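Provided herewith is a single structure, encoded as structure tokens, for subsequent inquiry.
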Amino acid sequence: MGSFQGHALPGSFFLLAAVWWAGKCSLWRASRRSKSLGSTRLASRTSQRRLEVAEGAVVLFFSFVGMLAEQFAAGGPRLRLYDSSHWEQLMNWQHATMYLFFGLAGAVALVVHTTEATPLALDRLMLAVAFFNEGFLFFFHLHGRSPLDVHVHHLLLFAIFGAALVAFLEVFHRGNAALELLRCTLTLLQGSWFWQIGFVLYPPSGPAWDLEDHDNVMFVTMCFSWHLAVALLLVSAVYWTVSCAVRSRLRRTPPMEMGLLKSRDRDPESEDEIL
Amino acid sequence: MGSFQGHALPGSFFLLAAVWWAGKCSLWRASRRSKSLGSTRLASRTSQRRLEVAEGAVVLFFSFVGMLAEQFAAGGPRLRLYDSSHWEQLMNWQHATMYLFFGLAGAVALVVHTTEATPLALDRLMLAVAFFNEGFLFFFHLHGRSPLDVHVHHLLLFAIFGAALVAFLEVFHRGNAALELLRCTLTLLQGSWFWQIGFVLYPPSGPAWDLEDHDNVMFVTMCFSWHLAVALLLVSAVYWTVSCAVRSRLRRTPPMEMGLLKSRDRDPESEDEIL
Amino acid sequence: MGSFQGHALPGSFFLLAAVWWAGKCSLWRASRRSKSLGSTRLASRTSQRRLEVAEGAVVLFFSFVGMLAEQFAAGGPRLRLYDSSHWEQLMNWQHATMYLFFGLAGAVALVVHTTEATPLALDRLMLAVAFFNEGFLFFFHLHGRSPLDVHVHHLLLFAIFGAALVAFLEVFHRGNAALELLRCTLTLLQGSWFWQIGFVLYPPSGPAWDLEDHDNVMFVTMCFSWHLAVALLLVSAVYWTVSCAVRSRLRRTPPMEMGLLKSRDRDPESEDEIL
Amino acid sequence: MGSFQGHALPGSFFLLAAVWWAGKCSLWRASRRSKSLGSTRLASRTSQRRLEVAEGAVVLFFSFVGMLAEQFAAGGPRLRLYDSSHWEQLMNWQHATMYLFFGLAGAVALVVHTTEATPLALDRLMLAVAFFNEGFLFFFHLHGRSPLDVHVHHLLLFAIFGAALVAFLEVFHRGNAALELLRCTLTLLQGSWFWQIGFVLYPPSGPAWDLEDHDNVMFVTMCFSWHLAVALLLVSAVYWTVSCAVRSRLRRTPPMEMGLLKSRDRDPESEDEIL
């Protein structure tokens, strides 16, 4: 999978997931606020649940497709692991393993939100495990590559392990908006950084980068910060847009109690308790 | 203890402990749920306590046996530590020290659940210390071995220190199902990885592995992920089986209030508070 | 920016920010205490909010000025990033990136305290991200320098990452006085250490330091501890002064209920709950 | 201070501090329990406060003595820091700096428990800072020593940074018995390990240790585990003794309500809430 497409594909998946999560989290927060304003039409508990189930199913499906692609696409190992004297396409097997864990996370989300016997926190725990496993495999993936190649993947690990840590913290602080938005940001960062890795290591046009030059290492480090800044701005934009859309919809059909609750709602501290 | 049996034995112990914990945790959670459904027959507080005391006693006993085996089995140091000019069988002494800490953890669990003056959280704290001590000794255990040998033991440290961290977090979040199941998973992972180490370093049949080959290192890393996935599935299976068994037993003797409480129980958020 | 002024300038900014934060945190705590004593004149919620908004605006403004200075001051890259064959002034670009993140933190603080839809905790989260980003860029900044130069910057990282960690913990424990004062201390430490780096690497007078001497490394380590001690004393002094000033103002206009509440206030445990 | 006495002295201080803390923590817990049993004679809040103030004063005094000893004892730098061409006795200055931070921690404890305006949590925070500073200075202390010398000091860092971490966690979980006993254990471990370092590096009798031998490194690692086990046992013994003494004193003068409260007290879960 050492190609431009091989990095652009997972990057696009993570970008989509991040934007989806940012929208979902913003919508729920906004609808929770709208509920405290006396309105209950937007995003009821049942529809939230259905959304979560659908998300789990989609994640499960794409992980399965990803595993199949890694195994049976041109040059894949086709489920053979060891061939007389050497391991078959260990890279593909490792990527398939990463997909496997995201598939497990999807399956757990599916089970958690369809049955009642399973503790809710397990979906975040499995997500943390899936991210951790991805970072873990990448970490031992980099033997004997050129300095710039190693460095861009090390930077990726910051985004991956960061997302794993934030998802693990969500086991204890479920529904904390700061953590949810941070998870979206780090997933977005991961997605866009996959694209950047593709452009740096396999430039589709123009000259190849000098993989030994220290100045390139320094630029790439700074570039990672810029991706983080852009990810922060994008998540903020999504949050802002959704919040405004929900509020404008509410304004058109104002509930009766709105005037009564307004003073409490103005209290900046009350926000904190909802967190 | 550098042999296949020497790795299979502790591996089996950890496998047993993990399955036992998974069953216990699932049973208690299910019985707590059943209690909130109006039934109190399964697993009363007193029987829970008795179970904990029995567990502590069993752990204490096997740790003692383990220490004796390390000391007096063929080739053991028989309690001699220093022999005129060199240390006697430091390996065996280190393994005995590991058993000693698990023995202490068992003793603390015994005391915590038989007396009333001792804070409950101490049993998880001692478990965390025992796991940490095991990892600590393994960490300084690996001087001058071949790359693959060092690597499989480094991977083991992920499972050990992970279990130590989770047990330490349980000091503050006792009864959190996500943490308990994660601890079971990591202990199961540790147990099965001990077996894997045995097969890699001392293959009972077939050719020996090339301990210097980097491809083997990469395969073994991925293999660790697979063990983790299998451990997750096994713990899920145990949890699922116990939950279903408890529920089917409840269904045969439905309590009066069940209908009344059902709507509250359907609320997905209420689960969270029980956590 | 490799000059005495280049280190003294950010150092002064951090010193100012730290003293300002220490004063603000002390004033609010003291006024919260005064409120529990029956008085509500000092620092109402609205004036607190105005102060926060002003702080955000000032941070935003100075970050913007800092970015412009890095770009257009003598020797700056003037927004050119790549010049035919090499990167332009990567150092200046990196410093501008650090300012950018503090600017984002200021903007988020501005938004959080002017609108109601944004969760409060985001300002601390962005502050943590800004500190983390600063430490992250410094960490990969030190390639191929002399040992003492690397060491003084490594010591700086303790202060920077410490501040990032404390700000992140404040996301969960907002208003915890111990964390707030620790953040002030670490920011003060960072500021004074920037000055120290200036004096060590670019001594304005006297002989240059031997950058290879290990004794210098050892002295500089201890010197960092002294800076920490001085920072602790300074923050304590600010806290003490503000507390005394508020209390003396309260004593001149004692509220009616003060006598009634005094016994509860004497209770040392009650302090803890306010934390 | 590279001598047997130079390690035995701080070791003895830490041993004393640990036993004192273990006793204090056990006594307060036992008296809190006795209070919940209807008795309030043992350890009132005022006497607890007086004890804390006395402890702070003693710590402050001994830290001051320690700093003076480091400066003015035979071979000390007598407050000269730089002598024409080289640093004066940096070792002694570093040790004095360590004492300085413990002195600050004592001073903060004194202020926290005598005034009402200071948040309680600051005493644990300063203790964490003092331990962290000790570990920080030791960490950069070990340049160019022999392997065994470096290793015994590295092991010491586990105890020091462990104590720092636990004290920092107590900022958020004040009064958690598990954390308090762990802090006592780690301080005891630190004290006894100082003695062990003295015996290893400067054996008062018998032949010197071979500082390059890897077997010695392995034995010393295991020995650290044994010290930890002994520290755990000693803290448990202190806790047990104090608990029994308090209970036997209570039994002689049983309060009226004891019978009524007993059933609630038997509930193992109630313990947890007190934590």
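Chains: A, B, C and D, in written order; residue numbering restarts at 1 for each.
Convention: contacts are C-beta pairs under 8 Å (C-beta built on N, C-alpha and C of every residue); 3 or more make two chains touch, one makes a residue touch a chain.
What you see is a predicted model, and the numbers here were worked out from it, not measured in a lab.
Colleague: Could you label the subunit A-subunit B interface same or different, taking same to mean over half of its residue numbers are used by both chains?
Modeller: Answer different: the two copies use largely distinct residue numbers here.
Colleague: Can you work out the rotation angle that lays subunit C over subunit D using Cα coordinates, in steps of 5 degrees?
Modeller: 90
Colleague: Of the other chains, whose C-alpha centre is the longest way from the centre of subunit B?
Modeller: C
Colleague: Whole-Å distance, subunit B centre to subunit D centre, using C-alpha means?
Modeller: 31
Colleague: So what's the Cα centroid distance for subunit A and subunit D, whole Å?
Modeller: Result: the chain centres lie 43 Å from each other.
Colleague: Would you give the residues of subunit B that are in contact with at least 2 other chains, written as numbers and ranges?
Modeller: In subunit B, nothing touches at least two other chains.
Colleague: Would you identify the shape of the chain contact graph, picking one of line, ring, star, complete or other?
Modeller: Ring.
Colleague: Could you list each pair of chains that touch, in label order?
Modeller: A-B, A-C, B-D, C-D
Colleague: Going by the contact rule set out above, which residues of subunit D touch subunit B in the complex?
Modeller: Residues of subunit D touching subunit B: 29-30, 33, 158, 173, 176-179, 181-182, 214-219, 221-222, 225-226, 228-229, 232, 236, 243, 247, 265-269, 271-272, 274-275.
Colleague: Which of the residues in subunit D come into contact with subunit C in the complex?
Modeller: 45, 49, 86-87, 90, 93-94, 97, 100-101, 104, 108, 113, 116-122, 124-126, 129, 133, 136-137, 140-141, 143-144, 171-172, 174
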